[in-house]
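Pasting the structures here.
Consider the two complexes below, in which chain A is the common component and chain B and chain C are the respective partners.
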Partner chain A sequence: MGKVVLEVKDFSFRYRQTKQKAIKNISFQVEEGSFFCIIGANGSGKSTLCNALVGLIPHYFVGKMSGEVFVNGMKVEDSTIADLSAKIGLVFQNPFNQLSYTAGTVAEELAYGLGNRGVSHEEMVKKVEYVAKLMRIDHVIHKNPLELSGGQIQRVALGSTFIMEPRVLVLDECTTQLDPLGSEEIFDIVKSLNQKGITVIMVDHEMERVARCADKIMVLDGGEIVAIDIPERIFETPDIVKHRIGVPDYVKICQSLREKGYTKREIEIAEEPTIELVKEALKG
Partner chain B sequence: MAKISNSFVPKDTIIEELNPMTKILAVFSLGLGTLIFPNSWLGLIIIIGLFFVAYLAKTLKDFTKIMFGFGIPITVMLMFIQGCYSPKNVTIIAEFGFLQVGLEGVLYAFKIISTLLVFLGTFYIMNKTTYTGKLVAALTNSGLPPKAGYLVLASLNVVPQMQRRMEVIQEAQGARGVEIGGGIIARIKAYIPLLGPVVMSALTDAQERGMTLETRGFGITGVKQTSYVEVTQSNLDRILKAILILFFIIVVILTVLMKLNII
Partner chain C sequence: MKIELRNMRYVYPTGDEALKGIDLLIEGIEPVAIIGQNGAGKTTLVKHFNGILRPTSGEVLINGENIQNCSTAQWSKEVGYIFQNPDDQLFLESVRKEFEFGPLQIGMSKEEIEERMKWVATLVGLSDKLDIHPFDLTSTEKKFCSIGAIIMMNPNAMIFDEPTCGQDVDGNLRLRKIINELKERGKLCITISHDMKFVVDNFKRVIVMWKGKVLLDEKAENVFSQVETLKKSFVSPPPITKVAQGAGLRKTVFTTEAFIKVFEEQRMV
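And then the complex of A and B:
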């Protein structure tokens, strides 16, 4: 196992206004540079967990908490959200609510967090240019963020988080409100960041994408972990659907071919191997 | 730079290039100078000067509209009230039937009008020629707490977003059969079912925006915050600031001397 960048130990949390725990005694570790996906039905505790990872729990949301969360060895409970923002960043669903509303241009929006840290103007300009290119928004850098499309605003939000130089990015259903094209653009960028060594923790309902990209998948149900494993093993488990989890179409095709005796091969979770498998089955 | 919440539109003029603090100093120095000066002549001279500044700022047309649009009705109103009914009136300069116009009231009305127009004119030019981000950056550099600066910017910028949200909710309600068009009464009625969803979504949005700000270091303390918007101070700024301060000191001295009947 590689270096652990994030560790959750016996973590539980109950919001002040609720009687039930949103998260129940969960423990897991995330390796540096990995692509870690969290899946689960609505209300399974995914967003609560994301908030806990970046320090919004316990510093922003009030409730009863037990257990510990460490990011790069830094105990979340003992750090401020601002300090944690240099280690871990969060991007969530609604692009419009991730604007600071202090900026007249995309460049100013990207630079907002750096300004709060007191970064010099020269350094700020360099970083803004670099991140704008990386997020493919350099052509709209002088535009008002409110004039952009949802997908572009989400890229601005991702850029504004990434410019703080976190080593871990938490993406809480950040493509849910986008059209398929905007969604894929965000995902391509996230994938390229992961290839640059950034650890990605992604909550997503798009199972094809999760299966394709995740190094590991964690399944949550009712605030508890029901499985953590590589995608192939997660999706070949027949019981997985009991937790209101969708299964990628490729997996369904493979399972169907196996059940009917056309193949004995392992479950495939990507397009090309599945086509090969179907071809083989047809020949047979 | 894009247009955002205020009426600023980049026009690349010498007035636009000035440091926002110079413009703020001009608003207060000229406005307060006019206010304390015993007569309206100073205000009148400044107003003529402001037309020239507006010309330099390429806003003369709009500036003229606002000055006359505000100036004419307020002049008529104050002239009538002060000229005819001021208790200071001793010297009668005109009579219209039962109405007598007093010189003291007219002069006092002129004084009020010129002061109001100097404040309005200077503020209008400042607003038209200053990018809000630059203004807040300049204020923050001058010691305004960053949180106060955020309040100024965010409250201006969040309005278009709220308007957009209202339109979306209204369209959604319209699609479900709620009457959103028609006469004034129908339109007023249409706003009532809007209130609940707009207020609730605004509260949810506020929570998420709070989360965004926190994760971008809004709560950092002990750091002098910086801005992407560069605020520079040219030699012209320094000269103008010195002139404006000197102007105000001279006005104060002249006012004291005039009040003491020395000049």
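And then the complex of A and C:
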């Protein structure tokens, strides 16, 4: 394993208003520069874990916590949210939870975090222009964020995190408001950031995308880790569906063809290789 | 149930033309899916089905009657619209009150409300959460709460705007159950969705919107076999369908079983 950028040690958390622990004594590490996906049914603890990674637990959410989370060796519990925001950024599931609600325009919303960091005006303008273009919201930059469509607001939320240039990016179902093409656009941007060395931690329900993007997948069920492995091994395990998660169509096709003896090859987890496998099997 | 649109246009107060002459007929109770890119006009279109929006020109007829003849409150007895964002719809202090509110407005009897409440709460999976504040529900439970509140009013048609967003496997199964049960009770469901797997699993008829127009309105198999036209509207078939097309299978398939069947037919020859 390369350099560890994120470490979770014996971590548990229970929200004040609930009886059940949302996270039950989990430990794992994430390697720098990797694409790490977290999957699991709703209520399995994915969002709680995201909140813990960026320090919203314990600094914002009240509850009972034990164990430790380290980002770049910095203990989250002992660091301020402002210090953490330079290292790790979270894009929320609901973009409306992320807006500052103090900015009059999209440009101000994007610049909000930079302002708090004391970046010069000139630099700020440059960065806002760059990110607005990247997120394809440059045409609405002078509009009020609340006048935008759901998809556009989600792009603003993503942009306001990207602009802070964190080395670790946590994405919690960050494209639910976008259409498939819009989502793909965003994931292309995320992938290019990952190729430049940014560590990505992503929660997503779209298993084809998870299989395609992830170096490693962690499966959560009832606040516990049930598996951490490479995508091929996660999805080839038949028991995985017991944890109420889907399996990519590609895996289902490959497994059916294998069961019926039409191919001897291992499962594929992406479109192109699956098509090749089917073509080969068709020839007999 | 009959929803009919004749050369219907809608222009926003800003001057943007959102719908550019729509002719559409939805009749009966067979569930219909509406798909298309963000900004294609899907939500603007369905908001005309119960008068939340009024056409700039052309006609919208519900069971033969012009939409202009009644208020939105009156139409909502006939056609229920479930908002994309539950926070736009929910505003009371408990799930029970959300479920009672609409029916009380339209004068439903206490007995009927009680009876429907049991069925609806079970259907949407909130039986043990009736006395909880909607803000304490998870985002998917909120969605089911807003769905339940509309079903409670017993409209003859229901419009779901992006019900799958943020749903997991169980949530999608529950939505499927809701759509099936409503059909059994003779209700029409119209659903906007970006989730193509969900669309092909649950809908026989698919309408594709593109730049304020209806681009395709056909059986799902026919829609997803027109790859080039779909590309124009930036809609992509479900992954399994794309693999079948890529590998040269000659029929449009949506399930693993259908995939294998067509594969075997072609392999034999």
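Here, the second predicted complex is superposed on the first by the 283 of 284 C-alpha atoms of A that agree within 3 Å, B and C clash if a C-alpha of one lies under 4 Å from a C-alpha of the other, contacts with A are read in each partner's own complex, and residues count from 1 in each chain.
Here is the rule we go by: a residue touches a chain if its C-beta (ideal position, glycine included) is under 8 Å from a C-beta of that chain, and two chains touch if they have at least 3 such contacts.
Note that the structure is a prediction, hence the values are computed from the model and not measured.
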Record, for the superposition on chain A, whether partners chain B and chain C clash or fit.
clash
Between chain B (first) and chain C (second), which, if any, makes contact with A:T263: first, second, both or neither?
neither
Could you say whether A:Q17 touches chain B, chain C, both of them, or neither, answering first, second, both or neither?
second
Once the structures are superposed on A, label A:N94 by its partner contacts, choosing first (chain B), second (chain C), both or neither.
both
Which partner does A:G43 reach: the first (chain B), the second (chain C), both, or neither?
second
Partner chain(s) touched by A:D249 [first = chain B, second = chain C, both, neither]:
second
Should A:A111 be classified as contacting the first partner (chain B), the second (chain C), both, or neither?
first
Please indicate which partner A:K279 is in contact with in the superposed arrangement: first for chain B, second for chain C, both, or neither.
second
Quick one: classify A:N25 as touching chain B (first), chain C (second), both or neither.
neither
Kindly classify A:Q177 by the partners it touches after superposition: chain B alone (first), chain C alone (second), both, or neither?
second
Which parts of chain A are touched by chain B and by chain C alike?
94, 96
Residues of chain C touching chain A in their complex?
36-39, 84-85, 87, 136, 138-140, 165-171, 194, 196-197, 234-236, 238-240, 242-244, 246-249, 256, 259-260, 263, 266-267
Using the touch rule from the top, collect the residues of chain A that touch chain B in their complex.
51, 54, 56, 59-60, 80-82, 84-85, 89-90, 92, 94, 96-105, 107-108, 110-121, 124-125, 128, 142-144, 146-147, 157, 160-161, 164
Quick check: in the complex, which residue numbers of chain B touch chain A?
1-4, 131-133, 136, 146, 150, 153-154, 157-158, 160-161, 205, 208-220, 223-230
Considering only the defined contacts, which chain A positions touch chain C in the complex?
17, 41-43, 93-94, 96, 149-151, 173, 176-182, 205, 208, 244-246, 248-250, 252-253, 256-257, 260, 262, 271-272, 274-275, 278-279, 281-282, 284
